[in-house]
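Two complexes are shown next, each including subunit A; its partner changes from subunit B in the first to subunit C in the second.
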Partner chain A sequence: MTDKPIVVIGGGPAGISAAQTACDLGAEVVLIEQRGFLGGTPIAENYASLTPHMRSAEEVVGAMVERLTASTSLEVLLDAEVTGLSGEAGAFALDVAAGGAVRTVDCASIVVASGFRHFDPGRETQMYGYYEYPDVIALQDLEAMLKAGDVRRPSNGETPKRLCFIQCVGSRDRHIGNEYCSKVCCGVASKEAIEVREAIPDCEVFIFYIDMRMYGYWESQIYWPAQERHHVQYVKGIVSEVLAKGDKLLVRGEDTTMGRPMETLMDMVVLSVGMEPSAGTRKLAGILGVEQNKYGFIQAANPPLDTVSTSKPGIFAAGAALGPADLEDCASSGAAAAARALSAARMVIGA
Partner chain B sequence: MPVGGRKQPPVATELENATVTSSLSGREWELPGMWNRMFESRVLSGYTTSELARISSLPGGESIEWCYGCGKCVPVCPVDLVGEYGPRKLHRKAQTGVNLLGDADLWMCTTCGNCLRVCPKEVDMIQIMPAAREAAVTDGIMPPELQDVFEKTFRQSNCLGENPRRRHAWTKGAGVPVRILASDPRPVDVLFYVEDYWSYHPRGQQAAQAFARIADAVGVDWAILGAEEKTLGDSQRTAGEKGLFEALMEDVVATLGKYTFNRIVTPDPHGFNALRKVYPTYGHNFDVLHYTQLLAPLIDRAEWAGSVEAKVTFHDPCYLGRHNGEYDAPRRLLASIPGVELVEMSRCRENGYCCGGGGGGMWLDGFNSDRVTERLSERRVKEAAETGADILAVCCPYEVSRFEDAAKSTGNEHLKVLDIVELIDAAMFPR
Partner chain C sequence: MPTATPAHYKNDSPAGFPDVDPGYKHRLFEQVMADHRMPDYIYGCYECGICVAVCPSARFYDFSPRRIAQAVARQDFELVFQQMQEDIWECSQCFSCLRCPRGNNPGGIITVMREVAINEGLATAKQALEGYSRIIYKIMSTGTQVSPDMLQPDAFPDWGPEVKDVSVNLDLWRRALPPETHHTTSTGWSVSERTLIELYLIWMQTGALSMIKDVDEGLHMILEEVMEERLEEEGIEI
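The block that comes next holds the complex of A and B.
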């Protein structure tokens, strides 16, 4: 067994999964998290429940954290930030700033699980008015409301009677530079739509979309129940602007099925924002010297069958640091990256 | 951090006016006439869940809101090819706030079932249409010509409004004795349920007479109800008159209860459908066959005194084929006729194109004529003619008159429309 630990950077679902796997395989693990708590974006952004199983984010992620932190071979550094790297595979030295001091962590290999951030709707080129209209919110804003059990119009505190989601905000767009599909927003919007319908049965809920991308089981787990059991209305046609009209919002776009312009009033508009590399992912890529793709995500070096290697030997990536990913992807790639990190360390030691 | 600054409040109304002003006289006209996009608001704005909720709350209407807009129904819907109606559009119209119960689209579906065959979400127009139409009929909303048929059926127990006592007038020309149970109530193997068009329509009567001669020749023990017969009313049901259908069923079941028979055979795929699929849901179970299913296994007994030297194409009735899965019996009969060369149309069997007669369409040609570029029967006849066939063979009583009219109106008079029994009859008993 290597005497040097494995470092996992990022304490979200992918990082937790990676750290857990490395611990389970008998490695010493140092988990570095820039926030003051573990759990990552689902906790930091107040997710109510997780797609598609709709279990409480706090419970699911909390259970992951609880199990991990019971490991005896784990050291967790919170409020900690990586500032430099030297050495090479098998003998890395990582500078970590924490608690006002910088310490060096020696390690055999590194898993980067620094995640994503929600696209900032202020950068959207369509006129959705996220920062103009209080009642235009984003997926994570609605998550927070759902978590609090209190979905109301921010403008006047009233319960919404008509609410719509606009898909592909910040995704699939050359203007913005995010030419990729963010993969999860169709499912997350549909999940939130179900939750709104359950919380406010007389609220009409619409989803305006270009394509519904409900891959795999999400189709029958989320999409079909939303439509068939919860009466969420899917309208094929994207909205290109949201305008104020009285105390309501006029959403305007094309109804592509009918081949006609559409405009209809809503009480609330939820922007289905996509995923972008987090600031941490961008910064770490530079510090660690791993290649990024044109969107800033860390580039998997040997696709398609090797999903977690980076351009730098001994450094692996997992979760949404690699690109848009759902929680199951994050858990899977976290475990894969940990196993690869450990086997790399052993190969170096053995060499 | 505001992005892009505050925008002007929008002007949302983009109505186009249906008034035209003359550039010469300055006079204004309110333009009447057909529905036209030019005279409506281009902008759809009434998005709502309430219209779909109304239909989906009806028993049988649930699946209307399952549509996810894939569009697979569009190319297979017979009506969508000749008009604006389409299953997917129906869902979307409701979603945009159109009251379907007051919309002409409600009556344009022939319940042919081809959309359901291809629908990945199993949006079931075969259930939705009768349910929604029933709701409309209950509110008194229906095309007048349909109302007329409902009234005739109510008064005379047949859709043609003919005298019930003349139900078996056709038997006189059969040339063989036809047993009527009221006067000879002994047990019988086959109770032949003639239904309306074979009882009353001149071309149907000819087919009924042909059937009588064939049944007699191949040794079928059969009888009819005669004046006691009432229509099974399946098309009235799919057109929205469930109450009438149920009342008829009560009478039919009572009449059938008086006699002993093994099975019911009918030439009408719609009646066949009612007995096979709908009656059992009310607890009435009968062995039922379409006449082609009765004759196909017996046709080897036929003695052919002649032949039909012709290229024949065959039109699958929706309610025999797609609805009840029988594609082979009619073809076996055609193949047995000496001289017949069967050529298939490209749309046949599961993908057969509807004649336009189902779901009340039989009685809505006037209503539909303003809304389609051509009748379904006309489109179908053109397909039949394209095969180079001399004869378009059918086995649904609705079709002979529909296709004969269509052959004339499309300039395909050379195409003869004959029921399969007429072809068999011609080959067995040449004149």
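The block that comes next holds the complex of A and C.
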């Protein structure tokens, strides 16, 4: 067994999964998190429930954190930031700034799980007015309302009677530069749509989409129930702009199913923002010297069957640092990266 | 009834028929949705278009089973009303659209919409069925649809010159057919007395006969007479 620890950077679902796996396999683990708490974006951004099983984010992620922090071979550094790297696989020295001091952590290998951030709707090139109209919000804003059990129009505090989601905001767009699909927003929007219908039964809920991407079981877990049981109205056609009309929002687009232009009034508009590499992911890629793809995510070096190796030996990546990922992807790639990090460490020792 | 304009379109009455009371449209929609078959006919539509791809009517008309399923799924009662004026009569009820991967049955939805249109005596239902008086008469009075003796030399020029040849010795031609049940000229095939009486009972008891009343009063009168008379002979009272 290697005597040097494995470092996991990022304490979200992928990082927790990686740290847990490495601990379970008998390694010493140092988990570095820039925020003051573990749990990552689901906790930081107030997710109400997780897609597709709709269990409370706090409960599910909380249980992960609880189990991990009970490990005796784990050291957690909170409010900590990686500032430099030297050495090579098997003998890395990582500079970590925490609590006003910089400390060097010696480690055998590294797992980067620095995650994503929600696309900033201020950058979208349609005209949805996220920063202009209070009733235009984003997926995570609605999550926070659902978590608080209080979905209201920010403009006047009224309960919405008509609410719509606009899909693919910041994704699949050449103008913005994010040509990729963010993978989870169709499912998340549908999940939130169901939750709104359950919370406010007389609120009509619409989803305007380019195409619904409900891979695998999400189809029957979320999409079909949303349509069949909760009567969420899916309208194929994307919205070109949102305008104020009285105290409502006028949504303009094409109803491609019926083959005609469409204008309709909404009380609230929810932008289904996609995923972008987090600031941490971008910065770490530079510090660690791992290749990024054109979108800034960390490039998996040997796709398709090796999903967690980076361009640099001894450094592995997991979760949404590699690109859009759902929680199951994050848990899986976290565990895979940990196992690979450990085997890399052992191979170096054995060599 | 929903108060907001349900629709999603520029015009306030995008579905047409702006003069028709929305309350009436909504009542018809509710009737369609209340039909006990509907839960099996519409689940949700993801617009794959297979129903349009297999639809023979869609090749000849501006007709789309997908739009029918979508309008009902969206509970767009204005649009459903519009479709009850026109689209539903363009369907040939072949049910090719049952290939829907979601298990929807657009043809079945149309069946229900047609029944509501007929029961409500919509003008378009009358119009659509106008040309079919003779067929309705044949089906309801004999239990068979087109009968060989409808093949008159000049009746259906678009059926080709053979019609004329066949119509000359119709009885002989029919006797040349192997199944004896086809040795008929005034019905499509021979229908037993018992079957006919059962059919009359079904037409009368299920309300199928009274559906015709609003559409074609004369036809309804004739059929009712034929059926009542026959049933009376059998000593059956309705």
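Keep this in mind: the second predicted complex is superposed on the first by the 351 of 351 C-alpha atoms of A that agree within 3 Å, B and C clash if a C-alpha of one lies under 4 Å from a C-alpha of the other, contacts with A are read in each partner's own complex, and residues count from 1 in each chain.
Convention: a residue touches a chain if its C-beta (ideal position, glycine included) is under 8 Å from a C-beta of that chain, and two chains touch if they have at least 3 such contacts.
Because the structure is a prediction, the values reported are computed rather than measured.
S.K.: Put the two structures on top of each other at subunit A: do subunit B and subunit C fit, or clash?
M.R.: After superposition on subunit A, subunit B vs subunit C: clash.
S.K.: If we overlay the two complexes on their shared chain A, which of subunit B and subunit C does A:Met258 touch? Say first, second, both or neither.
M.R.: In the superposition, A:Met258 contacts both subunit B and subunit C.
S.K.: Give one of first, second, both or neither to describe whether A:Arg152 is in contact with subunit B, with subunit C, with both, or with none.
M.R.: Touch partners of A:Arg152: none, neither subunit B nor subunit C.
S.K.: Contacts for A:Glu228 in the overlay, against subunit B (first) and subunit C (second): which applies, first, second, both or neither?
M.R.: The answer is both, since A:Glu228 touches subunit B and subunit C.
S.K.: So, A:Lys236: does it touch subunit B (first), subunit C (second), both, or neither?
M.R.: Both partners, subunit B and subunit C.
S.K.: Tell me which partner A:Met127 touches in the superposition: subunit B (first), subunit C (second), both or neither.
M.R.: A:Met127: touches subunit B, not subunit C.
S.K.: Given the touch rule stated above, what does A:Met212 touch, subunit B (first), subunit C (second), both, or neither?
M.R.: A:Met212 contacts both subunit B and subunit C.
S.K.: Please indicate which partner A:Lys161 is in contact with in the superposed arrangement: first for subunit B, second for subunit C, both, or neither.
M.R.: second
S.K.: Would you mind checking which one, subunit B or subunit C, touches more residues on subunit A?
M.R.: The partner with more contacted residues on subunit A is B.
S.K.: First (subunit B), second (subunit C), both or neither: which does A:Arg282 touch?
M.R.: neither
S.K.: Would you mind checking which of 24-32, 168-176 or 186-194 on subunit B runs into subunit C after superposing?
M.R.: 186-194
S.K.: Is there a shared patch on subunit A that both subunit B and subunit C touch, and which residues make it up?
M.R.: 204, 206, 212, 223-224, 227-228, 231, 233-236, 255, 257-258, 260-264
S.K.: Subunit B touches which residues of subunit A in the complex?
M.R.: Against subunit B, subunit A makes touches at 122-123, 127, 129-132, 204-206, 212, 223-224, 227-228, 231, 233-236, 243-245, 250, 252, 255, 257-258, 260-264.
S.K.: With touch defined as at the start, can you tell me which subunit B residues reach subunit A in the complex?
M.R.: 1-4, 6-7, 9-10, 12, 14, 42-50, 52-53, 56, 65-66, 68-69, 88-89, 92-93, 95-96, 121
S.K.: What residues of subunit A sit close enough to touch subunit C in their complex?
M.R.: Touching subunit C from subunit A are residues 161-162, 204, 206, 212, 223-224, 227-228, 231, 233-236, 255, 257-258, 260-265.
S.K.: Contact residues on subunit C for subunit A in the complex?
M.R.: 4, 7-10, 14, 43-47, 66-67, 70-71, 73-75, 79, 102
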